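Two complexes come next, and they have one chain in common, chain A, joined by chain B in the first and chain C in the second.
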Partner chain A sequence: MIAPLFAADVASQSPSWVASHAQQIQIALGALLAALALWLILPRASQRGRILGGVLGIVSLGLFAAQFPRLGDWLDDSMFVVLATLTVLAAAAAMTFRNPVYCAIWFALALLGTAGLFFFQGAQFLGVATVVVYAGAILVTFLFVLMLANPKGEAYYDRVSWEAWISAPAAAVMVAVLTVSLSQNVAAAPPAPQSQADLDRNILAPQHMAHLGKHLFSEYLIAVEVAGTLLLVGLVGAVAIVAADKELPGRAGATPASFTTDLGESGAGGRHA
Partner chain B sequence: MPDETAVIAPVALLQNYLLVGGLLFVLGLVGFLCRRNMIIMFLAVELMLQGVSVSLVGWGRYHNDWGGQALTIFILTVAACEAAIALALIMTLYRASGKLDIAVWQQEREASQPAYVDQELPEPPPEVDKHWPQLTPSGIEPEIPASETIYRSHV
Partner chain C sequence: MMRLFLEATIKIAILIGGLMTAAAYLVLLERRVAAWVQDRRGPNRVGIPLTKISLFGLGQPLADGLKFIFKEEYTPAHVDRWLYTLAPLSILAAALATFAVIPFGSVIPPIGEGGPIPLVVAPGVDVGMVYVFALSSMAVYGVILGGWASNNKYSFLGGLRSSAQLIAYEIPLSLGILGVVLASGSLRLDTIIDQQAATGVWNILVQPLGFVVFMIAAFAESARLPFDLPEAEQELIGGYHTEYSGMRLLLYLIAEFLHMVTAAFLIAILFLGGWHLWGLTGSGDEITLFTAVLRIVVLTVKVLATIFFMMMVRWSWPRFRFDQLMSLAWKVMLPLGLVNLVAMAFVVEYRQWFAGTGTWAAVALGWVVLIGSSVGMALLAPLSSDNRPRSASEGAARQQIFS
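Now for the complex of A and B:
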């Protein structure tokens, strides 16, 4: 569809073509810049171009954001823009820094941004739970493992990445496709039949926790029980994995080939027999 | 004006949240595919889960339904379990190989697959000598066992 347009008289067609396809051009440009930026800031052999990559990434984010409708209220808009930018930039930094400790800390910032987005959306419990569970528990566990592993300086495997020149453009194309389909299909879909009164009655109700708990423990009761069992299984599994590992002879220098501990034997009390 | 925002704003909010969720998911995907440090790979998985959670909460608000938030709570549960198991596995693999590099485990590949060979990299710039504060010694200096100097390089 584009090719015949180009084949036609470009001189007379181009102004109207550019004007009518401004959105597609912006998205394509944003995807191109995003791919270039992601490739530049991912760990490579040379460190050159990282600042340029960051600037290009911010520009491409702006191009994507320009596609999207405003929320209507300038306060809502600015809050959302600040939170979303913080989240996405911190996530990008968490994926591209060389030192894993910095990655974990940037990831914590991305989690805080996500918690802010949850608050903004009227999901107070989820916002608090994200901070407590993710930033409070999971991330601290990550940092503990990092301390145990004690990465000294910049290891070789932190300074290179697998084939970033394939996956960065693929990711940018995926975001572009998502953007196009969102800005066309969701906008074309009829809005959900709801008024402010409906919202106040249900998802934005003043007694947020009471409503959420009511739904969680009536509609999703079996799922809650299964999730509790899953937590227990995860706990036991993690202990079993580490305990089985301790039985390896000379574990520091053991080759991976000798890493065939029979979990069932050790789990049956083989150590104490 | 109030009628207009009541109709337009939910769609705008949903679109914006879906874009942010998509960006987080894609960043996590790239991180998982590109990085070689196992800990960062699992941070990337958590980031993908966060992206899914953001879009779920957006859909829940749009449809005025609690299902999105309830499912996000279960995602949180699964993420906690996954982190526990993943960190136990990472510790096991780290003890077996002494590295957090995922490329160490390429010997588990199929026989028909070619091995990945590391390219030569220039040496990283040497660390600048840090000047640690020195206290005036007083009394007899205790002997530091040799085993302690291995992991306490700066003391």
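Now for the complex of A and C:
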């Protein structure tokens, strides 16, 4: 159905070359537009062209989305479209806003959309883990730091994205490659009607978590242990840094000196509170 | 499909209606309990409007609600307008969405064709407990965004305190839950209740230490006194909602009460046997309508008793200092939670010893662990309430820092 992107017969310039390569042209055009759109909407020195960038971005997304087959009934389709649109728009907003706090909030929304997509696919644990780990812990820590630091970002270099002319084409190429590989896989192997037993065992298992845990701690035990060790190393490192920094005589639990002075300087009310 | 949709809609309607009413009347209950503790009368005048009938002040929540609705929706000029509005919305949405996986009863007998109808909005969620965690961690956003968007030092400090506190206490909270999950082998709240009902042994009997750890962490997560540092009135005026008024303040207050209700539900379900009561409710799904109602009543009574306990605690203990709060989380609750987890792992691993009459041995072990670890913790005494400098050099060092 879909020919490989860099087919060998490009040289044989038949009259209907455009018609026979509509897929490739669409993807290439989409990638080009996406790169341009990303460059336009990323925070640069000037505000000009952001609306044009948004329009181009939507067009390129449409070009990419046209490569994918429909899912099935209208309910599935509309659920997917709503969640995916939410995720993509929130991700775009997370990149383009200038205020870092707003970026973090949009990123949280993108994560929620991703979690929704996971739920939609039946991957319950991945969905809630995304929310717990990323939105609940990591991003809250980000926000904490952002709010303690100068949140306005007055300096010029805080308000623009660096190397936008590299990152925008890179992102566009990545999206294009993913689209090609995914759409080819979907087209090459349409989801076989799995047997109910397979479905029960793999996805619809009533003991979803127990199932997952059994796999994690039998087949992937070493990976789990290595990840755990890595986290432990990080934890020990953090404690070591804090312990080395602490010159305050007395017991643990007292406010470290640096924390107090930081608060005072950033005007968040250390001294008068 | 249509039936599922209809069932879910009806359950959501019942739940949201019930929760909103409950939140309103919990305010009244809290004020009456406070008055009772402090030997006052409390709000007892408002009854049926336009008459002189005062039904023990039962009209008070309606009057309060009307007052909030008709108050001016004032947005201070110095706030970040979007986030200022978003914060209370997000905290209330997260607080309400938590109840999707919390069962508010057992099942009701089948209506028409199909099996018994489980009394939980999303019955098939196998990650129930983690879902509750996910949404309770989303509640942090409402608090820190509200604190930051208000552009006010006191609000900001409240937000920062809150995020530190909630993140710190999520660890003992999950350690307290892990013991229960280990015992029942599932993260589904209905399965956890079923397991307790089938064996007749509530989790509080076998793992009282886990109960204590979980309950203290749940108090901290719902920011109730003695853990209400985020909004400490005497220090921060009102913490993160200092700048809020009108409906947006009401959203915050409802969300706070909903957090309390969630905590009470979780305590009742995880440790107090949910809808189970010995000799009264039985176990299993094959029940009559009468038993179904009985189970709902039992669960509700347990939840209300827990809420009443939380209110009594509020008027009985002073607030922690922030370093004490953190020490409690990291130096007391974390080790105690680990001890409980190890004890439960022992019980589960050698479950053939604890079958039948051996259950008494498990119960005895649990209480020995509780008393032993509490005594050990008290002897170690990592919590020091005395913050005076211990030596002249320490005093001088502090003087340098704080001057």
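In the analysis below, the second predicted complex is superposed on the first by the 197 of 273 C-alpha atoms of A that agree within 3 Å, B and C clash if a C-alpha of one lies under 4 Å from a C-alpha of the other, contacts with A are read in each partner's own complex, and residues count from 1 in each chain.
We adopt the following convention: a contact is a pair of C-beta atoms (placed from the backbone, for glycine too) under 8 Å apart; a residue touches a chain by one contact, two chains touch by 3 or more.
The structure presented is a predicted model; accordingly, all values stated were derived computationally and were not measured.
Once chain A of one complex is fitted onto chain A of the other, the partner contacts of A:Gly136 are limited to chain C, with no touch recorded for chain B. In the superposition on chain A, A:Phe125 makes contact with both chain B and chain C.
By the touch criterion defined above, A:Ile105 reaches chain C but does not reach chain B.
When the shared chain is aligned, chain B comes close enough to touch A:Leu42, but chain C does not. Residue contacts after overlaying the shared chain place A:Ala84 against chain B, while chain C stays out of touching range.
When the two structures are aligned on the shared chain, A:Leu148 is found in touch with chain B and with chain C. Between chain B and chain C, B touches the greater number of residues of chain A.
Once the two complexes are laid over each other on the shared chain, residue contacts for A:Ser183 go to chain B alone; chain C is not touched. 125, 129, 137, 141, 148, 151, 248, 251-252, 254-255 are the residues of chain A that lie in the contact sets of both chain B and chain C, per the superposition on chain A. Residue ranges of chain A in contact with chain C, taken from their complex: 101-102, 105, 108, 115, 124-125, 127-129, 131-132, 135-137, 140-141, 143-144, 147-148, 151, 206-210, 248-255, 257, 260-261, 268-269, 272-273. Partner chain B is touched in their complex by these residues of chain A: 38, 42-43, 45-46, 61, 64-65, 68-73, 76, 80, 84, 87-88, 91-92, 94-96, 100, 103-104, 107, 110-111, 114, 117-118, 121-123, 125-126, 129-130, 133-134, 137-138, 141-142, 145-146, 148-151, 153-164, 167-168, 171, 174-175, 178-179, 182-183, 186-187, 191-192, 194-196, 198-199, 202-203, 211-212, 215-216, 219-220, 223, 227, 230-231, 233-235, 237-239, 241-242, 245, 248, 251-252, 254-256, 259.
If you check the complex, the residues on chain C that touch chain A are 80, 82-83, 86, 125-127, 130-131, 133-135, 137-138, 140-141, 144-145, 148, 153-154, 156-157, 159-160, 163-164, 167, 185-187, 235-236, 323-324, 326-327, 331, 384, 387, 389-391, 393-394, 397-398, 401-402. In the complex of the two chains, the chain B residues touching chain A come out as 2, 4-20, 22-24, 26-31, 33-37, 39-40, 42-44, 46-47, 50, 53-54, 57-58, 60-66, 69-70, 72-74, 76-85, 87-92, 94-105, 107-108, 118-119, 121-122, 124, 127, 151.
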